[in-house]
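Please find one structure pasted underneath; my questions will follow.
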Amino acid sequence: MNPIQTVDYIRILPELVLGAFGIIVMMADAVLKPGQSRKSLGLISLVGACAGIAATFCQIAWMHRDPSFTDPGWFGMVRVDNFAIFFHLLIPAISAICILASLEYLDAQNIRSGEYYALILFGTVGMVLMSSAIELVLIFIALEISSISTYVLAGYRRRNASSSESSIKYFLLGSFATAFFLYGVALMFGATGSTSIPEIRAALAAGSPNLLAIAATALMIVGLGFKVASAPFHIWTPDVYEGAPAPIVALMSTGPKAAAFAVLLRVLFATTQTEWFWLIWVSAALSMTLGNFGALVQNNVKRMLAYSSIAHAGYLLVAFAAGGDTGKSAAIFYTAAYAAMNVGAFAVVSHFAAGGERYVSLDDYAGLGRRSPLLAFTLTIFLLSLIGIPGTAGFFAKYYVFQAAFTGHSGALIALGIIGLINSAVASYYYLRLIVLMYMREPVMAETPASATAAMRLALVLAAIATIYLGVVPNRVLNSSQAGAQDLDFTNPGKIVYHIGQPVAPATPER
Amino acid sequence: MNQNLNLWVIPLLPLIGAAINGLFGRRFKNAVVSTVALLFTAASFVWALRAVWTAWPGGGISLPYIESHGTWITAGSFSAPFGFYLDQLSMIMVLVVTGVGFLIHVYSVGYMAHEGGFYRFFTYLNLFMFFMLTLVLANNYLLMFVGWEGVGLASYLLIGFFFQKDSAANAGKKAFIINRIGDFGFLIGMFLIIQHFGSLNYADVFGKIASGHYAPELGWGLFTAIGLCLLFGATGKSAQVPLYVWLPDAMEGPTPVSALIHAATMVTAGIYMIARSHAIFNLAPHALEIVAIIGCLTAIFAATMGITQTDIKRVLAYSTISQLGYMVLACGVAAYAAGIFHLMTHAFFKALLFLGAGSVIHAIGGEQDMRRMGGLRTKIPITFWVMTAATFAIAGFPPFAGFFSKDEILGATFHSRFGGPVLWVIGVITAGLTSFYMFRLWFMTFFGEYKPGAVDEGEEAHAASAPAHAAHTTASHSHGHADDEAHGHGHVHESPWIMLAPLVILAVLSVVGGWVGIPQFMSGGQNHFEHFLAPVMESGPPTSTQAAVPVTGNDTISTHAGPPSEENAGQEWLLAGTSVAAAVIGLFFAWLLYFKRRDLPGRIATKIHGIYLLVLHKYYIDEGYGAIFVKPLLALSTVVFWHGVDQGIIDGLVNGAGSTSKGIGNELRRMQSGNIRSYAAWVAVGGAAVVAIMIWLGVGR
Amino acid sequence: MIIHQILFIIFGIICVAGAVNLLVQRHPINSALSLVVVMASLALIYLLLGAEFVAAIQVIVYAGAIMVLFVFVIMLLNAGSEERTRGSHIALFIGVPGVVVLAGTVAWLLIHSGGQLGSVQISSSDFGNTQDIAHLLFKDFLLPFEITSVLILIAIMGAVVLGRKES
Amino acid sequence: MVPLSWYLILSAILFSLGVFGFLLKRNIITIFMSIELMLNAVNLSFVAFANYWNTHQAKLASGANVVPLSGHVFVFFVMVVAAAEAAVGLAIIISVFRTRETLNVDQVNLLKL
Amino acid sequence: MNHAILSLVTFLPAAGAVVLMLMPRNDHVLRWTALITSIVTFLFSLDIVRLFDYSERGFQSNMDINVPWILHVIHYHLGVDGISMWLVLLTTLLVPVSVLVSWKSIHDRVKEFFVLLLLLETAMIGVFLALDMFLFYVFWEATLIPMALLIGMYGHERRVYAAVKFFLYTMVASVFMLAAIIWLYTHTHSFDYATVRQWIADGNANGGSTLQWLFLGFFIAFAVKVPLFPLHTWLPDAHVEAPTAGSVLLAGVLLKMGTYGLLRFNVGMFPAQAAANAQWINVLAVIGIIYGALVALVQPNLKKLIAYSSVSHLGFVVLGIFTLTQIGTDGAVYQMLNHGISTGALFMLAGMIYERKHTYEFKEYGGLATPMPVYATFFLFAVLSSVGLPLLNGFVGEFLVLSGTFQSPLPHSMLFSILGASGVIWGACYLLWMYQKVFYGQIHHAENKGLADIDRRERVSLVPLVVMAIIMGVVSPFWMKSIDPSVGNTIPKAAVAKTKACPGQCAPAAEASVLHKISATLAGEKQ
């Protein structure tokens, strides 16, 4: 009997589909003429991303049919549970919106190579895999897939010095951090004899505190902390985001980040929380503070949003520090909320940047409320969400995180929560600055911004709807994130919260 | 008792008049406006007469008569109704107000005929009537306060009637604000009453006092406190020291306004209020003592200032303050009836004086400076004669009205333990001064030669040294009478009959008005006025309070009710004689200085230059208030509060927090040097820190 | 078994020396060659640890393929000796002490737990043989192995995209 | 008998030298080589631990045997990844060299603050 | 239907905003649509009054709507009581008026303006009606954006500074409230106002210091909004720069959100803390009254003066609330409504003159009563209402507040009352000073001679406020009969009683001793 069964293929169906579409795009690229617009490839890849989502729905269907679906597959390599499904839906969606935003961008930048879309799709494969992988080997490879594709994409504007600089910085520092991660994995292997997360979890839970394992955890935190851009490993973010093409920043500030957070969730909650609590506490406080204060003085939109993304990583880590089901659930929810608003914001940035990314200074945004009402309006929604105004994803996510922090009833957590709240108030200044510029200043830019293409509009509207949806009626997503949080301990088979065409079962009140 | 008097109609009628004129008056002809205003005022007067007639003591209605028309304010256990109250006291007040008010309305039709804003004037005037009637008819302090504030508003509007003139606008504002300062005291007094009696209704409050329903250990101090607060309110409204300063300035208003509001009615509200609250004051002898002193002080103080004024209306204004001082003095010596009596007679003759002065001013084209008058006796004879009656009345010559009321007060002062001879002497001196400055006015205006455009040589130098004063007189030229300028100088004319008729009626009242209160020792019969008011005033302190207030014997708070015994009659005659003598002396000096030897005033002025200037500038009280209160306050507000605290400290902190954050941000971003090796160093250091912290904490565990 | 220790010390010293030389040399070619030395001696240490397969691919893939690529690029770009620019004080004054702390902590930890860990020895000769690895790789680790293809695809594509001449 | 800690310390030394290399070298290619050095150090740890687990046959918490060889497999994957990284990394370096005409990292500091 | 009325009133303006958003940019149609929407909202809000059941002291059960929203713990819970009902009506009254007053003054980006205005209305109504603390916070913050945008987009020269200052001030402060709400949730597992209130009342919160922190968390958020001295400096800037409608709603409604919050949450939920903290809060309130007035006195700018007058007036409200007496709090609630009417009218009037003169500086005015008599009359009404003239609305509130303060059992309240009562003097000072500067005297600027008096539309927009000022001044029981029981239901009884019981600090005792001292001294003199 073949040890690899059909269900195993279903467990990696989104990856397979995405990879297949990646290959299709590569092949099709060869058919197109060199100077021709690659829009058609973009559309194919868009279909691919959507197919990835569809594949995830297929997984959900299997989940309903086969209770053993959530068991580890591929000899303990992957586990497609509620947690993984959450990211399987989220990440291709992010990619899809990034692709939509790229369609126009590539033409504007006069980039005519279809590998771009293939790289996005392959990177998505890596990210998706990161969320379902439960074996450090596979996590490592998936991480590298997503990283390498983003290294390349960051340098995609090859004629541009800052783009290649961004790429090299990202690459060198990323590899540097990966080495730390690997070192941690090695020590963990030494400490527990396994690289499988459930095994590690079980070993650590059973054994006495093991310094080697602690050191291993620390080193893995370094590596993953780098990927999620949390202080003190955030330092690369502004430079890389500034130099990289805007749609790619939209992607890499959300997709790989969400995936990295997924891994961080898997890894950290496999170890003992008390060991890393203070570390994450400090990191969260530092990230929020450094990010927000850094952003206060930026004049480049991309850089500003980069600092803001550091700060948001900090908020997310607050949820980690809070721990517990609420904390994990809050962290999961936050990734989605952050993705929705940040993808949207960078999509707008990529539109306004125009050819050569000329217009990325804050002042270039003056008077946009008058010139491009729709784009300014959607950007306002994203910014408000980033500030954390009620009715938007950002608010509920933040609220949920802080609620998790306060639920602990511990002084340290409440203090962290307060630091976070003050930070989010400070942060409102720089987001507001952009809104102010758009609506309250007269344009200084001589050039009238081009009107957005339908694809761009679609991308923005989708992102805006997601932002509002997550802020106003987050029940469905909250249910999923709660279920995902419960699946993080690998023990319960996981109740199925995803339904296709059926009403959402009422969630249990949080306690 | 069952009869409904519908007192509410009395104040409401003028309000309707005000509403009609206010809303539509702009489109009406002057005749329509005046008809409306007069109609509603007259109706109000008639209704008041009817009410008084019906409720006259001995009639079918037991006094006080109270009617209530729903609640105005309610909160928690507190509530204040729209309620009206009629007793002997309010009967007198309501008749004076509606009666004199109506006459002045009539007069105004003539006086204001050529002014702009005719409808506005009558709107305000009717509005004033509404508030004043509310004040005197209210059955609770809160509703009285409505009238109290409302008349302040009407006064503000009417003083500032010629709003294009800065001085008029300033005067209106000053009047309102200073009244507000007094109102502040009234408010606190009301709070105290609410706190301890739970209600502001007269019936409740006085009933509780009468039955001793108040905490005995609080009683005495409490009543003193309430009394002082109410007194403070009264000093504002009735222009007593130290809040009298607004009244002279209030002469910026049209003359009928001065007559109605600033002489006959509104300014007496304070006296009415004290008389109304006599039950409280009777229990607070120290408050009464202070009332008496303030009244006496005001009387003499204002009288001295009246001496040097050359503006005819200002002389009358100071005279009013002085006379109000008498009334307050009367209240202070617990002779409330005497105070109200003087209030009434004063309403007659002072209204007359103002209206007469208005007639004079009208006659000579808006001129108010007495130095530019003279010899008008023959040119406007009717005005002269009515003015003469009023002057004799105010100076206190028998048998004019002023004599009886003033004598009543002085007598009561002499007998009272709160007053005593000292205050009596001051009162008599004031009477002499009153006589002096009133006859000064009389002589300067009606005798000698008419000299328009001239300033008395003797006083010229001093007039020049008083620029404010000079400015004032020129300003008065420029007001609404400017169009009369053509027939102003040299074309002196008697006023029309619509103005003269009220004068004549008031003149009659000034003569005979006092006869209702001829004291017992003169007439042999009873003092009708006092007797009439006795039921109100004697519902004073029950003897039971004596125990609670041991320091105040019942004798000290005698209400001057009992008729003096036979043996005292001689003393009474002597006292009356003294005050008449003082008046005669005043008349003599006025004749000497302003008729016989017209050079003398100037020479005296140069001789006692310092004192003269002091008095001429009204003791620099206005300037003093300015320097002590107004300027420092404005400076404090501007420099310390606004620029200092607001913009400096608070906004400094706020903006400072902003720039500090940016500074921190700027420092932090220096980490972002752009160098990959530095970045790697941060990552490495971070890694080192992470590992070290975790190992350290792990070992510690 | 002292021979093991002696061999370990010899190869270890060569390793460290090579690594230090990598740092000291200013021309990248020299550094690259030092790295090859390190890798080669590491392969020998792997043999000491009984990891024959790993030792073999260490030589073939690492020392062979990857380092050749490095040398190729160095030659391609005609990289000269590195200039001693003073770009980063932070790296020197903060980074180096930081790394010392890191290394010290890890070393302390390893020595500290070394007692618990015990020693290693060359075990039975069938440990680490290729067959076992193959079993592992194509069964338990099949999915990572297959997924690696995506990684390599991306690498190829990335290299092509970035290295391609501008059109 | 070589104590395991010797191997691990050697690994730590090599790793640290790699980090030093990153911090101190100016040439991008050399820096990249330093990273390779770090990866090699990690590989050494893996192999050493694999040997260790082979010596101490133990059970995992789940009851399964420890598979010491997975350390070797991990090294194998690290090498694959290193190769892929090398390909991409060197391409990026070429790309940087094309735009900046330098390989000195201190001069690649356009993006900052 | 009854249960839908609150939602209807709340979201009708938002629905209108959505419709406006989709409409073409025909300014005239947009204006009419906005006007009709707001008037219809007002008419619907009248239905709340019709349905109001006076026998119910607390929240009206017949209009209550409570459905789970997020995760079964966050509810969509709207409810109304005698306090919030009138604040809602104030809002729905002021919005149509604001629409009218913006008719001509807004001619650029008209669509955005009315959309923001209507969204703001929804948020404001929501704040007053929300009984779920999460929902309350949502609405609370939701008011920020439209307001900041209104100021920043349609304001005057320094509008951006003002908008940002307004936003940050309130944003930073409300964060503390959010912290307190979350803390409460994590202990009570409920956001429901009544539940949490009961939880605290049952003494479940361990230790007073926790409650003290929670109290402060709410307090800061509300104090900034009120604004209470010394957190008031955003207000003058915001007012001066805001467009007229913005000022009207800012002063008329947004500030009331702060005092409403103080009453509903600080006093309603933390009675013991409210009593314990009343001292210094009242000190701040009294400072606000006097300080605001004094600074208003020296402002050279019409709108700034009115803004500072708001600081002073809102000081009365806070003072009234923290007397913790029935009368004082009744007065405070009434004063909230009054201030909305009178200051709203003042800002509208200021806006009308701005439309003609394009400046708020007094030195550009003077003598305007001559060319604009009708305008001057309306202005006088607003001034008098603001001054607190009896028979106009302002008096009722001020009187009750001060009277309540005077009788409050809290220590020193008599002193606060007396100092607060001095506000009636200051109020007269700065308002009459302002009135004189604008309307009296000779006209110094020739162009002022030809100023047009206010037109029909402007009169129509002012009349409701003037009429309300009179009606509220004369028949206050109409409002009080619903306010009074609800206030009684909100303010603490036990807490005050507790304070009363404390020996030595009890006010009546202290005051008795003062009076006793006076009488003893006087008696000594006499003997």
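General remarks:
Think of it as A, B, C, D and E in the order they're written, each chain with its own count starting at 1.
Assume a contact is a pair of C-beta atoms (placed from the backbone, for glycine too) under 8 Å apart; a residue touches a chain by one contact, two chains touch by 3 or more.
A quick note: this is a predicted structure, and the numbers were derived from the prediction, not measured.
Under the touch definition stated at the top, chain B and chain D share these contacting partners: A, C.
The minimal number of chain-to-chain contact steps leading from chain A to chain B is 1. Under the touch definition stated at the top, chain B and chain E share these contacting partners: A.
Chain centre most remote from that of chain A: B (centre = mean of CA atoms).
With centres taken as mean CA coordinates, the chain nearest to the overall protein centre is E.
Of all chains, the one whose CA centroid is most distant from that of chain D is B. The interface carrying the most C-beta pairs in contact is the one between chains C-D. Chain A and chain E have centres, each the mean of its CA atoms, that are 44 Å apart. Rounded to whole angstrom, the centroid-to-centroid distance between chain A and chain C, based on C-alpha atoms, equals 31 Å. Separation between the centroids of chain B and chain C, computed from CA atoms only, is 102 Å.
If you average the Cα atoms of chain C and of chain E, the two centres end up 71 Å apart. Residues of chain A in contact with two or more other chains: 137, 141, 144, 148, 151-152, 155, 158-159, 167-169, 172, 176, 190, 211, 215, 238-239, 426, 429. Those residues of chain C in touch with two or more other chains are numbered 87-88, 91, 95-96, 99, 102, 105-106, 109, 113, 117, 140-141, 144, 148, 151, 154-155, 158, 160-162. Along chain D, residues 8, 15, 18-19, 22-24, 26, 31-32, 48, 50, 52, 67-68, 70, 73, 77, 81, 84-85, 88, 91-93, 95, 105-106, 108-112 each make contact with two or more other chains. Chains touching one another form the pairs A-B, A-C, A-D, A-E, B-C, B-D, B-E, C-D. The touching residues of chain A, when paired with chain B in their complex, are 168-169, 172-173, 176-177, 180, 209, 211, 214-215, 217-219, 221-222, 225-226, 231-233, 235-236, 238-239, 274-276, 278-279, 282, 290, 293-298, 426, 429.
Against chain A, the residues of chain E that register as touching in their complex are 70-73, 109, 112, 134, 137-142, 144-145, 148-149, 152-153, 159-160, 163-164, 167-168, 171-172, 175-176, 178-179, 182-183, 185-187, 189. Residue ranges of chain A in contact with chain E, taken from their complex: 369-370, 384, 387, 389-391, 395-396, 399, 402-403, 406-407, 409, 414, 417-418, 421-422, 424-426, 428-429, 432-433, 435-436, 439-441, 473-475, 478, 506-511.
Those residues of chain D that touch chain A in the complex are listed here as 8, 11, 15, 18-19, 22, 28, 31-32, 35, 38-39, 41-42, 45-46, 48-50, 52-53, 58, 60-62, 64, 66-68, 70-71, 73-74, 77-78, 81, 84-85, 88-89, 91-93, 95-96, 98-100, 105, 108-112.
The residues of chain B lying in touch with chain C in their complex are 673, 675, 677-678, 680-682, 684-685, 687-689, 691-692, 695.
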